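One structure, pasted below without further comment.
Just so it is clear, A, B, C and D label the chains in written order, and each chain counts residues from 1 on its own.
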Amino acid sequence: MKLDFEKPITKIEEKIEELRKMSEESGMDLSKEIENFEQQSHEYKKELYENLKPSQKLQIARHPNRPNFLDYINLITNDFVEMHGDREGTDDRAIIGGVAKIDDKPVMIVGTVKGKSTKENLVYNFGMPQPEGYRKALRLFEHANRFGLPIVTLIDTPGAYPGIKAEEHGQGIAIAVNLKEMAKLEVPVIAIITGEGCSGGALGLAVANKVLVLEHAYYTVISPEGCASILWRDATKAPEAAEALKITGPDLLKYNIIDGIVKEPLGGAHYDYEAMGEELKKEILKAIDEYKDMTPQQLKDDRYNKFRRMGVFNA
Amino acid sequence: MKLDFEKPITKIEEKIEELRKMSEESGMDLSKEIENFEQQSHEYKKELYENLKPSQKLQIARHPNRPNFLDYINLITNDFVEMHGDREGTDDRAIIGGVAKIDDKPVMIVGTVKGKSTKENLVYNFGMPQPEGYRKALRLFEHANRFGLPIVTLIDTPGAYPGIKAEEHGQGIAIAVNLKEMAKLEVPVIAIITGEGCSGGALGLAVANKVLVLEHAYYTVISPEGCASILWRDATKAPEAAEALKITGPDLLKYNIIDGIVKEPLGGAHYDYEAMGEELKKEILKAIDEYKDMTPQQLKDDRYNKFRRMGVFNA
Amino acid sequence: MTLKDWFETRKEEQIAARPVDPKIDDYVGKLWVKCFNCNAQLPRKELEHHMMVCPECGYHFRINARTRIAQLFDEGTFEEYFANISPADPLEFVDTEPYTQRQQSAKEKTNLNDAVITGIGKVEGEEIACAVMDFEYMGGSMGSVVGEKVTRIIEEALAKKLPVVTVTASGGARMQESALSLMQMAKTSCAVAKLNDAKLLYINILTDPTYGGVTASFGTIGDIIIAEQGARIGFAGRRVIEQTIRQKLPADFQTAEYLMKHGQIDMIAKRSELKSLLAKILRLHKHQ
Amino acid sequence: MTLKDWFETRKEEQIAARPVDPKIDDYVGKLWVKCFNCNAQLPRKELEHHMMVCPECGYHFRINARTRIAQLFDEGTFEEYFANISPADPLEFVDTEPYTQRQQSAKEKTNLNDAVITGIGKVEGEEIACAVMDFEYMGGSMGSVVGEKVTRIIEEALAKKLPVVTVTASGGARMQESALSLMQMAKTSCAVAKLNDAKLLYINILTDPTYGGVTASFGTIGDIIIAEQGARIGFAGRRVIEQTIRQKLPADFQTAEYLMKHGQIDMIAKRSELKSLLAKILRLHKHQ
């Protein structure tokens, strides 16, 4: 699936394809022309993807072929052993986690899961966790804490699920408890926003020592659509809201919300799973390594101080 | 409601009443005879209640007028503030608890609740907790632990509820977690079996430094009826099972299952709520006082060693 | 239909019929106030005498932070902290109106710098650190100032070994500060973690309405959670949920009673009982 | 009815049709064994070669503790501990038969002193302390001996800093020891609390059937809980629940799959995968 703003690329690529065919059919040597066009195409792409508007990045972040948590498990870990359930009645499939190795390092890896088809999305609830999902995550965090395993979270969620059962079972409390208990963890916590990082539903897995976002991912207090319909009273103003909310990597870095941006393959992660996996794995290992000599108290202080500094006000 | 084996007393009391009437109507002085009968009645009662068979004590323990947890709250505490809910979707009414003062001592008091009418029993589920009840109890125990409040549990339950939702939500795990987490508590824990103390459902609130049972209460791994229908394959053999299971105070003391017996008013707690309350309060205060100088570690060790010693085997 | 059923239905209709956002300034300055619930015409003086609770039906009017503080604290004991902290506009946010202008209007309306007052005072003689939110300042939304003041008062309590009480009233996040607003959830919750470690009592009082980012952070991780009678409390708003699940919600959805039934709060208190209940709880945890 | 529906119905019928208590000794000594699930006639040798799992349908036959140990541990590495501890009869319990006589029969049938074997051995080279229950000894019921041996092997693990693995198969409490049996739940769970404090890994493997007092104590408080495929696991038995709620239970009630769906176990493993899975988990927790 090509996105709207990718249409010019498609046109160039069609032209190249046409040239190739002509060359074959006629026996003419058009290799120079083709090379030229390809060069142009590459440069065009680079410029295009480096200058995307927030609303365009949003489309990449939400692309249906974007690698999901299960893809990353395959791409960057081995020996993954999934740990199911909250031990209290529910195994929320919107949050999956377990122990695994990244290279030779055992870690606890936990993430939200989006499906790639309607059928899958019914299973994973479009990556929108119930309170029970956050409680499962906390169980796994505490397991990691007991056994000294660094925690890696991969976040791609439009938010915590807004439903009747979710409210009845304490969606707010479940997230709040995670924020508080993550503050107490005595192991390194690395959170990566891989796609959508929307509101408290994302933050509930992201009270980390290091927070990274992928190049085309976004992190915000509310979806641009939600913001537009509340503040502009007009959901079609979502692109303006996306702009105003400053939700992409460079802005998040500027306001000290995140610690770094993970490069994506040209055009976005869905164009090259392997390359994306390699890059992500490298960044995770680098981050874990950074914390390897910290004491439990230092890790807690590091996390506290990081969030303590956030906010801009006059005093 | 008088119990079967109390019929002889009823007869004597009727006779006394008759004499009184005769005396009034006739103007005759029968006070000596009446006093004599009353003396006899008292002695008879004493002998009767001190020599009850287990199956008879069982009837007292299950008497519908027996004081329940809410009665004891009224009788022995003041400033009770109930703390509702498991923070996860449920406020199981079969287990109630909160902070209160006993005399001037702040405590956390938690207990199972039986209703006294069909309507009440629908609310309290006949004193049979769901997993969520045990989780609420654990939340309160951990609260007490954080704030240094001694914990008092009052137990009167035919067991944890055997139902579909209970199984789905982890009845076994909920009880098991309580056993394990109660072992870690750093405050004194006093458990009193006030009526029925049946199986894991009772034990889930009773991993205590001191375990007391009321004089006519019982504590067992399975109800005599359940035991009879499994081992004798005949539920009518419950009295034999009650005998064989050694479920009453003196036997429990002999096998070091409990630490003491709390005297009940003559005939059982339901004959005199005030007196029962006074006695229970005295015993609880005495027990709390015993532990007041122990360090957290000593309290944990005391509890561990107590249960560690339980069991009889050849080696 | 039995009488009881009829009564329940009527009650739910009444609850459902309540305006979702009764504003405080609807009645400010008026001599007579109409009860939102029972429509009684009430002399303003009498209503104030009853702590802004309808003497006819018990309906709890929303009150602002200053009124709340006057009701909760022993007279003259509340000392405000961090009053000078005021909002910035780091994102230079403009929707239908610039953020700075919204700040200005809110300040004029409430005479506050932002949506929370923090300080230390006494409740029946018991000293506590406290954060009281004000719904009238931009819907009690949590931005950098709310997060900072809540965190600072908790840190003050840690230094002075005081219990902490929050009184929340919030529509959720301050969208105009985007991720900076979101991070206040983490910041305040991390501060509460320190209260846990220090074994200092932390009590949440939830008042009407408490939603979104406050519900999902410092607002609901108290050792004890009290909801004021009549409060609506939730994570997601009714409209968002109705749009998502495409069905009507029960009338009592997200009421204090509903939350209690679903095990999320420890207790419900009438406004008139709140102070003595709070004092009682503080005393029960004071013996150490 | 779609094919999928039909299949689901068939599956549930098959599950429901399984005998509730297939005894191990039903097939001991026979040259041909009939699968309880698919009725296939299987040569005993072949079945043993497949770890007592039906090669036709995957049905997991119940196995005893010795067989389990042979399957799980590296050959020759398992050293038994506390084998000499044997049951007493403190209550002098007699139902339709004296307890002592039941002990005697069970011992003759199983060649065990009680329903658990404890020891230390290696799984793909990883050293663990282990308690393996035997359902054939009085239905794997937990009395003083089971409680004592489980507690001792945990204390041994604490001293030697070893992970602990339990393999349970139990109908519940040993009624003949009444409250003494009940107290083993507390005793073993208190020992597990010490494993937590010592940060030693504790793994539960639940096999068919695991019920009652074992489910409600040391059997389900592992850091990781694995259910063997086909296991039925619960607190209360089906019959007790059916009597209480007066309705039929779903066919898959209390199966491993059912427990997984309801979030109570971490994973399900086929018998053939169990050893390598266990070793993998042990290695993932070994780095410290």
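The working rule: a contact is a pair of C-beta atoms (placed from the backbone, for glycine too) under 8 Å apart; a residue touches a chain by one contact, two chains touch by 3 or more.
This is a predicted model, so every value here is computed, not measured.
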Outermost chain relative to chain B, judged by CA means, is A
Chain pair with more C-beta contacts, B-C versus A-C:
A-C
Chain C and chain D have mean C-alpha positions lying a whole-number Å distance apart equal to 52
Geometric centre distance via CA averages, chain C-chain A, whole Å
33
On a C-alpha centroid basis, what's the spacing between chain A and chain D, in Å?
41
Residues of chain D that touch two or more other chains: which are they?
196, 262-264
What residues in chain A touch two or more of the other chains?
87-89, 168-170, 173, 177
Quick one: which chain pairs are touching?
A-B, A-C, A-D, B-C, B-D
Taking the touch rule as given, give the residues of chain B at its contact with chain A in the complex, in rising order.
87-89, 131, 135, 168-170, 173-174, 177
So, in the complex, the side of chain B touching chain D is made of residues 160-164, 166-173, 175-177, 179-181, 183-184, 199-200, 203-204, 206-207, 219-222, 226-227, 230-233, 241, 244-247, 252, 255, 257, 303-304, 307-308, 310-315
Which chain D residues qualify as touching chain A in the complex?
196, 199, 201, 223-224, 260-267, 277, 280-281, 283-288
Chain A partner contacts - residues on chain C that touch it in the complex:
82, 84-88, 90-91, 93-96, 143-145, 147-148, 151, 173, 175-187, 189-194, 196-197, 212-213, 215-221, 234-236, 240-241, 244-245, 249, 253-254, 258, 262-264
Touching chain C in the complex: which residues of chain B?
79, 81-92, 99-101, 105-106, 132, 136, 143, 146-149
